[in-house]
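In the two complexes that follow, chain A is the common piece, with chain B as its partner first and chain C second.
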Partner chain A sequence: MTTYILRRFVNYAILTAFATVFVYIAASLFFYPRKRYLGRNPPIPESTQDAILSGYGINDKDPVLLRAWWWFERIITEPFPEKLGQDLTGNWVIQEMGTRAGVSLRLLVLGSLIAAVLGVVLGVWGAVRQYKASDQIVSYASFVLISTPTFVGGVVLMILATELNNLLGFQAIRFTGSYTPGFTGWEKWWDYGVHLLLPTIALALFGAAGYSRYQRSIMLDVLGSDYIRTARAKGATRSRALVKHGVRVALIPMSTYFAYNFGTLVSGSAFLEIVFSWRGMGQYGIQAVQQSDVNALAGTVCFTAILLLISSTLSEVLYAALDPRVRV
Partner chain B sequence: MPEPLLQVKDLTVTFPSTSGDVRAVRGVDYRVDEGEFLGIVGESGSGKSVSSLAVMGLLPTSARIEGDLRFRGQSLLGMTDRELSALRGDQISMIFQDPLSALTPVYTVGQQIEEALHLHHKGLRADSAHKRAVELLELVGIPGAERRLKAFPHEFSGGMRQRAMIAIAMANDPSLIIADEPTTALDVTIQAQVLEVLQTAKEVTGAAVVLITHDLGVVAGNVDRVAVMYAGKLVETSGVDEIFAAPHMPYTMGLLRSVPNMLTAGEQRLVPLEGRPPNLAKPLVGCPFAERCPAAVDRCRAEEPELEARFGDGRAVACHRAEEIAAGTLRPEDVFPRPEPEQREVAVREDAGPIVAAEGLVRHFPLYRGAVFRRVVGTVKAVDGVDFEVQPGQTLGLVGESGSGKSTTSLELMELVPPQSGSLVVAGKDVSTLDKKSRLALRKDVQIVFQDPMAAVDPRLPVGEIICEPLTVHKVPRQERDRRIGEMLELVGLEPEMADRYPHEFSGGQRQRIGIARALITEPKVLVLDEPVSALDVSVQAGVINLLEDLRDRLGLSYLFVAHDLAIVREIADTIAVMYLGRIVEYGPVAEVYEKARHPYTRALMSAVPVPDPVTERSRRRILLTGDQPSPTEDIPGCNFASRCPLLPLLDEERRGRCHGEDPTPVRHGASRVACHHVDSIDRLDTVDAAPQPSVTP
Partner chain C sequence: MSTTPPADRAGDLAEDLEPTAGLARHQKRNRRRQEDKPYRPVSRSRLVLRRLRTKPNFWIGGVIVLLIVLFALFGDLINVYELNQADPYSFNSPPSAQHYFGTDAIGMDLYASMTEALRMSLLIGFLAAPLATLVAAFLGSLAGYLGGIFETLTNSLINLLLVLPVFYMLMIISPALATPETLPEWLQWIGFMPSWLLLVIAIGLFSWMIMAQIVKNQTKSLKEREYVKAARFMGVGTLAILRRHIIPNVASLLIIDAALGVAMAILAETSLSFFGLGIQAPAVSLGTLLQDGTGAAVSRPWLFVIPAGFLVALLTGVALVGDALRDAIDPTSEVNRA
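Coming up: the complex of A and B.
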């Protein structure tokens, strides 16, 4: 089993490398970073432009494949923080990612864990009480949430928080940025928590809405299974049979869904980061696209790909842990 | 009379549905006494499972249940789920039909048995639960119980899973075990083992058993009393001997007369019980069986008869004409006369030679491992060198347990591609010499009828389209096709006007007729019949078998008839081939093989078939096979049946050595070919009392 997972990990790692290089090439083909330096007053001489762009390794006068090779070569030869090159503001991409990844992951890990638990509970509950009022309400609420754009949800939450703050007369919920500068000690941690509140709620609600639909339909399939009937024939009450035999089996397909979803969340939560002015990876990626910043974008994609690599491996492990039929 | 263990009074179960409420059970009364063995028999949809699920309180919450259910005097219907749960698995337990899906796939067998113990003994310590689980697993005949407890359900064979289910059911020494079609999904040899285990469970726990089944043979050999159910009502209850000897209700008569009996099949034609049960979503007027009953009179169509004990002998019948039947003025053979045998004139030239001839036919499937670098790690020897011939106008019956390779063999014939090894000649043409065009032309000559008539037809096509589809492949013009559809429908006993209807409007037996019509429209010479009646209710099987026999004789067809039901094979086949693990172990004329089987496997297979006659069933000597068929991936030196052979233990050391060391090749004995070293000793199986023993799987 361990060798199997290791082998899968290596497969995913190769895939990650390919994906990143491919994105680098695609970005180099379609981005036009030189436009930053055009139309300036006074004009920047072309030789200076070339020098700056070549410094970043993104001069469009060099062949694309050559640039991709240089970029790849840099990963192997350069010392650690310089491996992914500089973004257009001159920062080392890896250093920038270091600070931003912490910010993003803090939000993502907490938000998706809550979303998962909430989604499973709501999904199971809805399936067991199929077509009853409670199930209908959860269903409608989920569909409303699923069809609401994330940033609208974020803004609505901000408005509600502002109302609450006004009502209380002080800043109970602070929601701009990921922290307020100037705090120390436990106050700093409290401040972190307060800032996390709204975006985490948003992430958890939107995630749970999706998960609960998926979980509900799996659970409905499981509900009619013969082994639930067997469990009840043994003397398990309905609720015990449902939880111990039903939910346990219905979680198996969910594990894959969770893991993959987590991997793609970085890009999905970019809008949330922008709405709440968090300087996270998602926001970095959007900014990179807006500014035609090839290196920064390649860095973001590399980060997402690594997250995906970790979560896919995790999903294999989870699946094997949950389902004895795939263990070899 | 002592208080009954279970008393069911006027039980009705209704399922609300948009197209009208379905009254699945319409007033059922019966009782089960302590230690009794009751059989409930009926066709699918007769309400036999629903009524027992109602007793268990396991029907979906949407079901409306009325009446009075009492277990040891306690009313079951008013109980909460918690109160019922305390009873379920402790006092009343249940065994379900499909052992493949009845166990939770993510827990070990041990965990699931122990759960049943813990649920009813709160303070039970883990090690004593484990000890009891080992004991139970040994009791149901699973060797190496200690080790097997750690296995997951998917690592068990079907038979072993059903044993585990029985172990769970008997875990808390219940007083009532309800077994709902416990052997329907199993092979006949495994069925015999499981029924034996069920008897053991009954003896050990002293419980009363309610066995629900559609198989009259299973009932005959096991139960004390039989209740026959039809359209949501009991129509006859009686002691097992009485009901088989003298059924008093025409439906029971029809059922008994339509079942092929392995001991007598082939001599006379089967008696079909035509029609289908009434739709329970519609209101019923009169006797629900009246429409299918040849003895129905006006009163039957106007007034539904009640189940009454009219004769003071413990028998209860729901029939207006029961008195006449009891008096002997209305006999079963008057109600369901046996159809006259059609003159079988095999209009085939003797010198024509076989229409299908296979020699040394092999089909191996490689087993792969690895996602990126696929490598072969083993071989499934599905068909491992078989010789057979199908003579023109005759039927070759291919029998064996599931996994013996009989379906692969028939598909090999359908595929018409060069075999991996050996030769296959169809209609005089060697298939390895065919080019694409002649292969397509030859496909007309070989057609197939599948097992499940519902799954084998596209539910969204009208049956006319379904039937003529083969002709579109062979580019027959539209007008010609339309003409042929009508012809075909008539040929299989349906109305030509039915061509515009959709499959769901037909009953199972009619759908199988549609399947046969589709196969026959290309005017084939050979028909592969892959378990054509095993998915059908007993009552309609007979009609389809009779039709197949008529068609064969009228059209001069040849059949390759794949089946696991030895009684039906005896009925229809001329030659029989018994397959085991990809080989044919015995091959010969039906009359000879059934009269004097020479291979121990054939003997065991035949002795495992339950006979619908309680007297024979009780006196018959059984040869129980031990364990399951080995995996076809295994490399077995010597005879591959040696691990389960009932003859082997009766032989001396030296002769046994030959079985383990030398692979037997088929040798001619009489008109048969038998692959066994010790054909001369086969009769020892009759003299030694082959007592049932728990299976031994090494």
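Coming up: the complex of A and C.
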């Protein structure tokens, strides 16, 4: 089993490297960082522009493939904080990632874990109660939630929180930024939690809606199968038959789906970072596109690709843990 | 077709096997209709349509989508204001008899913007999704049928694109929409495309991967069937075999994919435009309206709630139709409990 997972991991790692270089080339073709230095008064001489851009390694006068090669070379040869180069404000991309990654991961890990658990529970529950009123309500609610982009859901939650704060007369739910400066000790952690509340709800509901639809249809397939009837016939209780024999099998295809859907959650949480003004990786990436910052974008994509790499590997581990047939 | 009717009238096997409630009514009506008509076997598409009619989700979703499409096409007939025509006498006015959906800070009529934005988003959604399905059908079936090096290449391409979130890829090419004049010379032709067309192509080209994988696996098993082998040994060309024997067999999957893809495409367009990376002013889409409305969500809620409501309703409608379509085409996806 370990060799199987290791093989998959190496496979994903190679893909990740290729994908990041691919993105760097595409971004170099479509972005035009020089526009940052054009149209200034007093005008910046072209030689100075070239010098600045060459310093970042993103001068559009150099061939694209050469720039991509330099970028890749820098990863291997340069010392640690300089590996991914500088963004257009002059900060090392890796240092910037260091301060932002925690902010993003907080939301992403919590949101996707809650989404997965909630989605699986709701899906199984809906399948067991197929066509009853509760199943119908959950089904229609999840259709509406799937169709609500996270940035719309986030703004709706913000409106509701503002109403609540106005009603209470004080700031019960603080939602701007990822923390309020000036708190210390346990108050600081409480403040982090309060700020996490709304974005996490928005992300978790969006994710859970998708998972529950998928889990429900798999669970329905499983419920119709012979081994559930066999389990009941040999005397297992209904809940034991459903959980030990049903849910366990129904989770196998879900483990692949978790990995597929993780990309959607990553972009969903990037939207939420913008809506709630969090200084995270998603916000860094979108800002990089708006400012034609090739190195910053490449850093963001690198971060995302590594996250996807980890999530795919975890889903393989989950798959192997659930399905004995892979464990040979 | 004027064949003689079989002795057993009820022998319409497909109907007997169909357990759906409400079918008895159809049977009775069809039987009455058939008294003076020659017997016709039930085709698959009629069977699917018949099942579809019994799904409440199909009707709910279909009516929502139809109403929104009609509103987008003909809604502006009853409006006196045009797109981007400011009304200097009413800034920030809430919905009223004058401005049905209210106005924004510079007096633009939201109703006029809404109809235009819906047209844009619907156009992109309904073109990009079939494009993605077309790419998936072509590459997937070809890779599955040919195998060998072509399959390996397609697989690597699929895996490469699956590693990256679609939204990031769309983000990267977005400068081509906003500032096409800064593209390198050999890519300048991209800048000459209207932005909606560019978005259609981009969304289509970045969302075919999962479906292509499914089609490829189906094709690999279909390829071993006798009728496909027979066609191949008789010297029928590859593309003709794909068109006549492979694609019709995966058509149901493709239809479902195209239907659900519409929602995905509209969502992608809206997200891009929301961050100013998609449709550019003065053109409007649901995303640009939402972007403008978000800042005003608390003080002037109509500017946010109306576009958001239309977006969610449209996407829900499409998802409901797609779900009903899946159940109708593949009845095993909704098994009854044993």
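Methods note: the second predicted complex is superposed on the first by the 324 of 328 C-alpha atoms of A that agree within 3 Å, B and C clash if a C-alpha of one lies under 4 Å from a C-alpha of the other, contacts with A are read in each partner's own complex, and residues count from 1 in each chain.
FYI, a contact is a pair of C-beta atoms (placed from the backbone, for glycine too) under 8 Å apart; a residue touches a chain by one contact, two chains touch by 3 or more.
Please read these numbers as outputs of a predicted model, since none were measured by experiment.
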Partner chain(s) touched by A:V152 [first = chain B, second = chain C, both, neither]: second
Contacts of A:R238 with chain B and chain C, given as first, second, both or neither: first
Partner chain in contact with A:T304 - chain B first, chain C second, else both or neither: second
Which of chain B and chain C A:R229 touches, first, second, both or neither: both
Chain B versus chain C as contact partner of A:Y192, first or second or both or neither: neither
Touching partner for A:W125 - first (chain B), second (chain C), both, neither: neither
Between chain B and chain C, more extensive residue contact with chain A: C
Which of chain B and chain C A:G263 touches, first, second, both or neither: second
Contacts of A:Y56 with chain B and chain C, given as first, second, both or neither: neither
Residues of chain A that lie at the interface with chain B and also at the interface with chain C: 225-226, 229
Chain A-facing residues of chain C, complex: 159-160, 162-169, 171-176, 179, 182-184, 187, 210, 263, 267, 270-271, 274-277, 290, 294, 297-298, 301, 304, 308, 311-312, 314-316, 318-320, 323, 332-338
For the chain A and chain C complex, residues of the former touching the latter: 12, 15-16, 18-19, 22-23, 26-27, 29-32, 34-35, 60, 64, 130, 143-144, 146-149, 151-152, 155-156, 158-159, 162, 217, 220-221, 223-226, 228-229, 260, 263-264, 266-267, 270-271, 274-275, 285-286, 289-290, 292, 297, 300-301, 304-305, 308-309
Interface residues, chain B side, partner chain A - complex: 56, 58, 81-82, 85-90, 93-94, 96, 98, 101-108, 115-116, 119-120, 152, 154, 165, 168-169, 172, 371-372
Residues of chain A touching chain B in the complex: 11, 225-227, 229-238, 245, 248-249, 252, 322-325
